């Protein structure tokens, strides 16, 4: 196990969109061991409110020493995170969980919605690093154009050529849900689809993949207290709804779509 | 300079220090190996074990509250035999005492758990959970009725060769009364507190935030209540008391020792700082050195009241 | 646009909204006049009044804990007659309902308090404190024993023409049982919870942080426990329930209403945000408007369980 | 009553010594009504840990819009305070309590120890503003020289000519307690002594004043929850130990020395 606790130093905390921030941290141990799809647990404050660490996907590693997190301000923890400045410390545990499985994929499609884009960028970087990268399509969704910030360009910069956007309000790209683009852009290859985003989006993606026979890996979220399989708080039901629960922090956050129940 | 002496004795067992980890918050030990030198701890109490494997409650199971958290895990565990086969081999090698927390649905189940675990090498003691608020039958009823609490204790003690620690529920009128009952029943120690029954509602959906509706409150928020109960129980019984509830720092641990606890368990704090238990061991060592104590037990019960 | 309708009825009295202030946390009202438009509130519950003036406990009386505070004020108050002479004239002019919290050492004292206050103009109801953990005799015993609780209620009801709200202690096994007892005794409503008994120790001096050793825990830390108890009691009795415990925001208030409370009291929150009570009134008004409710009471007890 | 709640904006948060800070805030309502010896209650954080407001004396008002606080980092609340930056807001209630009584004083001596210096500076400014200021001696104590920071100079700058220092470690001024200087510098005038600082210091000052027949006003501290006479948490015994308790937030924080018990 290559987990550790690290007192990471904040390098930058950039505001990308009204509620969206990108945090760059020096965290050499975590950077060294991180795989796409893994996450960290951040101790937001030395006080006890908020009490619990907050799970955040690793957005990318930079060199061998830095990691980036991409987050949206949704509550008190992320609000405090947004107020932190370069030079301040953030205590992290990580890298945690089971990430994306990359073995033997020849045609991949990454489908990200909202903050679900965070782990997919790390994944895309890893995919594009291969000597002969597989065929790669990236589909990104957001509520409105401004929420994408610089992210689509980031994917282009690492060599992704096929990138399609959708917004709920039609302000950029397809007007509607990102999952609707899937059948337009994917042919009858043995695609592997990687998806992360709001539950309804992933459900739609999974349902299409099942119909088309595409392999699908999903990155899930639940409430978490420990992130290391100790509290058993992050249980989710298996596909057949029976047997012991799966635990998102250890068995996931990335699962094969067919392993888990889509309620 | 000599090593500070942190040893304490409970139920005839010497613990290298009074810092244990609380059941359900430290997995089966291994989960914390990347963060803590397990052999530095006084001991670890593993997740509650029942006769049969249990799925536990449906999700959502946890919710954060101010200074605390609610959980309704519902005793998800691998069951007695898988615990013995899969978890004990690792636990035998960690170099500290292993205490097994047990939970049954009936007197007979408690007996069988005690009996079987007594046969297993590498277990130092049993912690009998008569206080889990998250399981529908069994658990709580035993913990809130003095006669039942005594009966469970007697049953486990009669069938087990291991020292028996009974873990008390705080959801009672008079916890000292229950403590006296389990002392009469033969317990070698009591540990307290388990979680306080609480609830949270999602205002948007108008639903409980926990699928189980109610759950157990733990964390720093409950520390004042836990400390008061430990103090009351320590005055009411002669057997050692193990203090639990919101302990996060060395200072917290010292408060419980001063109130009369012989040892403490670190629970929810493990989630927010996975190194908390070890840091408390180190903090107590410094305290013993700085205050030139011969042994940490010179602090126990030394609350000054006049 | 019409004004959102926040009116609720308790014991036959219509309150302009369900937001009251909790006894002991809002002085005699006047202290908060610089911060709150008192007439915007549903009502205020004044500091507990006893027959005779009381000094209360020696200091230190308060200590902060994680997400909460302990207090051991010990019912310091000006006494019945000075309250009537010195505090009531101001209270009659504040334009909202005044509820007087009373505490006695015996059934007879409770009776006399109820009787005398019934003669006084400007008082809407009595809140009978059978649950204060900080007074040595009286208080708690009444609150933890169903028969005693019923007897006190009956005594006050028989001697007073005012609606009687009985305030329950959380330091019990089964709060619903006490609630049913005071309902039987004739209470028009119950309010809960009073503070939870807690303790804190100063590690340096090895002394309790409160001169009284133990004190009552209040504030956001206790909200999950209070909410659970309110939910349990609301299911157990037919009389209205007033929810108290850690309520700090409009969301908190809505949680209690959903759990079955007809009104709520804001306590410790008044210290951290003196405008909290008024802000909650405003927040509930927005909620009624935004959700197109006819009346706030359409939320009461609407917790969805299936 | 001229109390109010004010969302004060931070102008400066200067570090004067290793643990000592001076916070300048724009708080026009409070600045306008403040008297020397009064205090504010500061809501340190929007979270609930720390939960309670923290009482801090008004160190001075500047113009009609600003106030200054002088504080020492002793725990989690003051540590958070020290991390705040200009532009951030701090919610204050104030001005609170009963301040120093200035009527008819012809010879005054201000005796401050540690953070007890905070309210005395405001008092000194008020005293020196009079057309014919009274005779005025200032005695300041600290553990060590560096803890004084610029404070002695501040008193000199407003026209105080007789200022004597003492340090516990002898690093500046008298080596020993500040109270020991009292009899050296005060003659048989009808002095009024104003004192604020650690309890043992004030006790020593009060005892000398009693002996010499000097009038003495003391500024006291207790734990406080509300600051506005509602919680009754700040009780202290009267001089004769009987009758109802006094309440520091309302009857004080400044009392006549003979009103209160010196245990």
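Letters are used for the chains, namely A, B, C and D, taken in the order the chains are written, and counting of residues starts over at 1 for each.
Heads up, the rule we're going with is that a residue touches a chain if its C-beta (ideal position, glycine included) is under 8 Å from a C-beta of that chain, and two chains touch if they have at least 3 such contacts.
As the structure is a computational prediction, the values presented were derived from the model and not from experiment.
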{"item": "Winner on C-beta contact pairs when B-D is weighed against C-D", "value": "C-D"}
{"item": "Rounded Å distance, subunit B centre to subunit D centre (Cα mean)", "value": "47"}
{"item": "Gap in Å, rounded to a whole number, between the CA centres of subunit D and subunit A", "value": "53"}
{"item": "Inter-chain centre distance, subunit A versus subunit B - centres from mean C-alpha coordinates, in Å", "value": "36"}
{"item": "Touching two or more other chains - residues of subunit D", "value": "48-50"}
{"item": "Subunit B residues counted as touching two or more neighbouring chains", "value": "65-68, 219-221"}
{"item": "Contact graph of the chains (line, ring, star, complete, other)", "value": "complete"}
{"item": "Subunit B to subunit A touching residues, read off their complex", "value": "24-27, 31-35, 47, 53, 55-56, 58-69, 71, 73, 76, 219-221, 248, 268, 270-275"}
{"item": "For the subunit C and subunit B complex, residues of the former touching the latter", "value": "65-68, 70, 144, 171-173, 196-201, 203, 205-208, 213-214, 217, 219-225, 227-228, 231, 246, 251, 254-255, 258-259, 302-305"}
{"item": "Complex interface listing, subunit A residues touching subunit B", "value": "1-5, 43, 48-53, 91, 93, 222-226, 228-237, 243-245"}
{"item": "Contacting residues of subunit D [partner subunit A, same complex]", "value": "45-50, 76, 80"}
{"item": "Residues on subunit A engaged by subunit C in the complex (per definition of touch)", "value": "48-49"}
